[in-house]
Amino acid sequence: MTVLTIESLTKQFRGLRAIEDVTLTVERDSITSIVGPNGAGKSTLFNMVSGYLKPTSGRIEFDGHDITGMAPYRICRQGVARAFQISKPFPELSVQENVLVAASFGRAGERDAKATTTRAIDICHLTPLRDRRAGSLSIGNLRRLELARAIAARPILLLADEPCAGLNDAETRELTNVLSKIRDSGVTILLVEHDIKAVRRVSDRVVVLEAGRKIADGSATDVFSDQAVIDAYLGTAPA
Amino acid sequence: MTGTLFLQTLVDGLILGGIFSLSAVGFSLIFGVLGVVNLSHGIFVLLGAYLGLALKEAWGIDPLMAIPLVFGALFVLGGLVQITLVSGAVRRGSLMSSLLITFGVSLMLRDLIILVFGPDVQSLSSSWLFDTFRIGGVIVDGARASGLIASLLSLGLLSYVLYRSKVGRAMRATAQQDFAAGLCGIDVKKIYAMTFGVSAGFAGVSGIIVGLINPFTPFDDTHWTLNAFVTVVLGGVGSPVGALLGGLMLGGISTFSSQYVGSLYPNVFIFGALLLMLIVRPNGLLGNAYKGSV
Amino acid sequence: MNKQISRRTALGLLGATMTSATALRAMPARAATDGVIRFGGSLGMSGRYAETGLNIRHGYETAIKYINEEKGGVQIAGKTYSLELGIVDDASDPARATTLIQRQVDEGVDFFLGSYGSNVVLPCAGITEAAGKVTVQVGGSADQIFTQGYENIFGFFPRASRAWVTSIEFFKSIEPKPKTVSVMATNSAFSKLNAQAAAAGCKEIGLEVLDVLELPEQVTDSSSALATLRARTPDILITTTVDQNSLVIARQMIATETNVPLLYQFLGPQLPAYRESLGAKADGVVMQLPWDESLEFTDPTFGDTQSYIDYYNATNDRPFSYHTVGASSCITTYIEAMKAAGSVDPLAVRDALDAIDIVTAFGPVNFTEDGDGDPILMGAKIGQVQGGEIKVVYPENLRTAETLYPTPTWAEKG
Amino acid sequence: MRGFHKPISSRQWGLSALLLVGAVALPFVASPFELRLAQQILLFGGLAVAWNLLGGFTTYWSFGHAAFFGLGAFAAGLLGQQLGPEVPVALRLVLGLLFAMAVTLAAAVAVALPVLRLRGIYFAIAMLAFAQILGEVSKTFDVFQGAIGFTLPILKVPGLAKVQLFYFLFLVFLMVCIGLFVVMRRSRLGVGLTCIGQDEDTAAMLGVPTERYKLTAFVISAVLTAVGGVLYSYSLGFMTADTVFRIDISLNLILYSMVGGIGTVAGPIIGAAIMILLTQVVLGDLLDLHMLVTGAVLVAMVTLAPKGLIGLVRDMRRRREETTVEEGAAS
């Protein structure tokens, strides 16, 4: 079943076409990764899906509703959560409280907030740190807190923005485990990531963008053996 | 008659505006570079006036001639206040701390002024003060004319320093990104102290001009701090041009509203304009000269 | 176990409250019977009116010092008392003023010397009145102070609405007869009330009131009001502003060549600072003169005005003002009332003050039934700056110079 | 909202009850001067708590709460004057309170809509300007009688001296402020506001209705402040614009919160107690130097304990706790 459908999406900034006629679908309970060199348009695409940018043309449909050009908070209400690369926790609140806020004010509502929080913290491997002040966490823990907060809102679709950037190997491995667990818990994930190893490990499907166009779309194995991808992407940024 | 009245109102507004500008530029600078809202600003304006008075009474120095001396003295005092008292709040980066500390500083300095000079009304006077000029039907007196000229000269000088000198460039760099400025080898602490010093110095110079035009007491500081607030919000933070523009607007609003609406209303109009400006363009007409330009 | 702890906490807390309550209670009050009469009160020492506050304080201190040191105290009903002064700074804040006054009431002070500004004086009067204490003050003259039915509060100045009696008579006496008048005020209680009284009085004697111009409380720029004056020039301009504002207005009148045949400034020209600031330009300015050096009075404490001035100058650096003399005479008035009552009981002294009719260095002292100064006896004289000095020009029997009218233009005054 | 705050312990309940008993007993043992001091601590402590309803949770630090303080006092006073002496004083006070609350509610909503869009220092300055305008307007237009002032009727309750009566009124006021603060802090609103205070954009992203929450807190804070203004003016019996529209009232509320600890219940009250005792008891008799000492104490306090006394204690405790937890406890 398709959760997200993007149809011939185009975004133009003055003379520059950041995204040009991109069409893709995201299947329920999958992890779909978007990769591509810097400036390929990954962030622009993300921002349009989450409502921070309005597309120049094209259409975005989420869970059967047209969400093209909708305000971010309304898209959020529809069930799209976003985890930022630069995570901004509430520094003076504990890990648990941070997640609880998202659970209480998110789609789930306050009734099940406590249970949702406990589960989100557990999925993201944060249980031992639940009472720590968010401001005192390391970067790896912060990334997982960001994910926990995002899924505590009980989203249907999670947009994860480079969750592995700047992490060491052990941390990256832990994070990809968490991503898999999130998917297994019933949340569809759209991932933008630079770290090819992580993408290979975790993705059900990979979409490659280059200069605003989609140049490949398929399973990780297929995509990364595609000559065009190797030329365009891997060639310029050896992983 | 009505034409002359309009012109006179305009000229009065410009002169008042020039003085407001000069008295606010230091406030603006500190706000721009240190991110501190300096509630002791008005006290530095008054200190300038009182120093001018002391110099005149002790050695008979004409207040206008005393400007460099007053600038120097307040530069040192301002720098010292920054290093000893305010720096703690800036380091913590808390707006609230800096407000309360500068408020405390203003209480202390005001009390010191009272101890030294008494609470009495004082004024700076000079022989040429009451000489008036008539251009067309418009009347301008010596005090105001010299005030306007001194204001424009000082603002010009400050612009030159900020945009042409090494120290000025360092100040502007620090305003944009103090951390990065530090990495580039700028001694941020020194720049902070210099900025506070320069601001206090200019406040003092404006104090002399204020003192030439109006009598003053140790309790006028709130008035000048508030004026600086309004000027900066109207014009924009951190640049002499912003202060000039804000000051001229303030002067214009003040004289025109009192001439054409009623002499009782300028304050209502001034704060109304402030509120309106905050809502429409919170960064002032010119925006933040440092932070917006990159 | 747990219960015991909470009980101990409770006891401790209660104890702490009690001790702090007793600790707060200041030193035991010294009653008048052990030979000390204490005067209390507050003044606005840190605020816009601090200059007046300092003048008044010097007046109190001088009188008390003189009585204690030169006269060895005062004799009342066969007992000798020394005087003690406890003045606090109310910062013109009613919350602070009432608290500090309450403290003095609690400490047993019976006699108060008032502050000024009706928003401070009235709440304080409520406290002293309720406690049966007396207040004599040389500051506030707002009508409300005397029309609230308070019986224990006395003021040296006639209430604002009556303070214009002499001035109006003076305007009547001017030759050639002035026809028009404008009033300039700021939007403070003092200024507004006096402006109303002045305008009403002028109307009564047939002067046409052209404009009542109001300015913000702190005047920095009066050019627009002055433009109106130039467009429609009155024979007399009355300003009912406080010292600093009066000076601002005068200086801007000079700067803008705004000339009126007679400039009357209620407050301001009395101050040496005003005359120094304006120099020769101050000549011709007319003012209310609650008191002047040239007026010789006898004084039960100091002998006469001149010996008061000599003593004041010998013991103080600060130049005196009419507030200083008034404040000293306040103390004298208290002492004379105590002597008349033969008692230091506040209510007996209050009754004596009601009936008092004496002459002090400040002039005659006689209160109306409401407690303010008698408008004729204690009303202000009229002064005019002539040759850099203040001359009394009205009433005729006290005059030291003829009224100069119309006065020269600013430009003519060197 | 559950899960954010530990339930109030029986120890805390006990302590509060004890404090309350002490506070109720005080007027019968303390001297009028002490009661007046206590009155001020109760009133300004309460106002500081009310200020914290917005300023304590978020960084929306109002520099113009005197606006609402004065608005309330003027609304109630002028209404009382209109009603005239036929209406009993107590009724005039109650009607005045209701009227003041209604007027302030309307004014707060009207000013909040534009002003709450501003952040940080701009919000602070806008509020300052708002307070200045109200003060000027009350003096400028004679209908408001701000320049000349007006009297307020004397409220009498048999068996209680005036100083005791207002002590109890201020005590009730403080308790209402505390009650609202505690309830609010533990509610969804309080949690939402806390998040707004730490990162408004993130809070909005997580679904916190930021605009509505800010407005609610602002209005409650304003209305409480107006109630304080009404009670204060009645306690004095006479007021002018200079009695209530004072910059130092606005600044003191922040100062008290800052000294005690912003965002806490006890902090603003402790701060008010310290500063009022310092300025009016310890330095009360100083004629010349009290501003200098107050300024110095202020600078010292902010430098040494920027988060207030309560913050200082908390930080020390937290530092001890955090060093005992191993860094990176995740596996």
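As written, the chain order gives the labels A, B, C and D, with residue 1 at the start of each chain.
Keep this in mind: a contact is a pair of C-beta atoms (placed from the backbone, for glycine too) under 8 Å apart; a residue touches a chain by one contact, two chains touch by 3 or more.
Only a predicted model underlies this, so the values are computations on that prediction, with no experimental measurement involved.
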Chain closest to the middle [Cα centroid of all protein chains]: D
Most distant chain from chain A, judged by the mean position of its C-alpha atoms: C
Whole-Å gap between the CA centroids of chain A and chain B: 51
Chain B and chain C: spacing of chain centres that average the CA atoms, whole Å: 35
CA centroid of chain A to CA centroid of chain D, Å: 44
Chain centre separation in whole Å, for chain C relative to chain A (CA means): 76
For chain C, residues contacting two or more additional chains: 45-46, 187, 214, 216
Chain B, residues touching no fewer than two other chains: 110-111, 114, 264, 267
Multi-partner residues of chain D (each touching 2 or more other chains): 136, 140, 288, 291
Complete list of chain pairs which touch one another: A-D, B-C, B-D, C-D
Touch list for chain A against partner chain D, complex: 72-73, 76-77, 82, 88-93, 96-97, 100-102, 104-107, 110, 113-114, 117, 125-126, 128-129, 132-133, 136, 138, 140-141, 144, 149, 153, 174
Chain B contact footprint on chain C (complex, rising order): 45-48, 50-51, 53-54, 187, 213-216, 218, 220-225, 227-228, 231, 243-244, 247-248, 251, 254-257, 271, 273-274, 276-277, 279, 281, 318, 410-411
List of chain D residues in touch with chain C within their complex: 11, 14-15, 18-19, 22, 26, 29-34, 36-37, 40, 136, 139-140, 146-149, 151, 162-163, 232, 236-240, 242-243, 246, 248, 279-281, 284-288, 290-291
Chain D to chain B touching residues, read off their complex: 59, 61, 114-115, 117-118, 120-122, 124-126, 128-130, 132-133, 136-137, 140, 247, 251, 254-255, 258, 262, 288-289, 291-292, 294-299, 302-303, 306
Chain A-touching residues of chain D, taken from the complex the two chains share: 1-4, 188, 191-192, 194-195, 198-199, 201-209, 318, 322, 325, 327-331
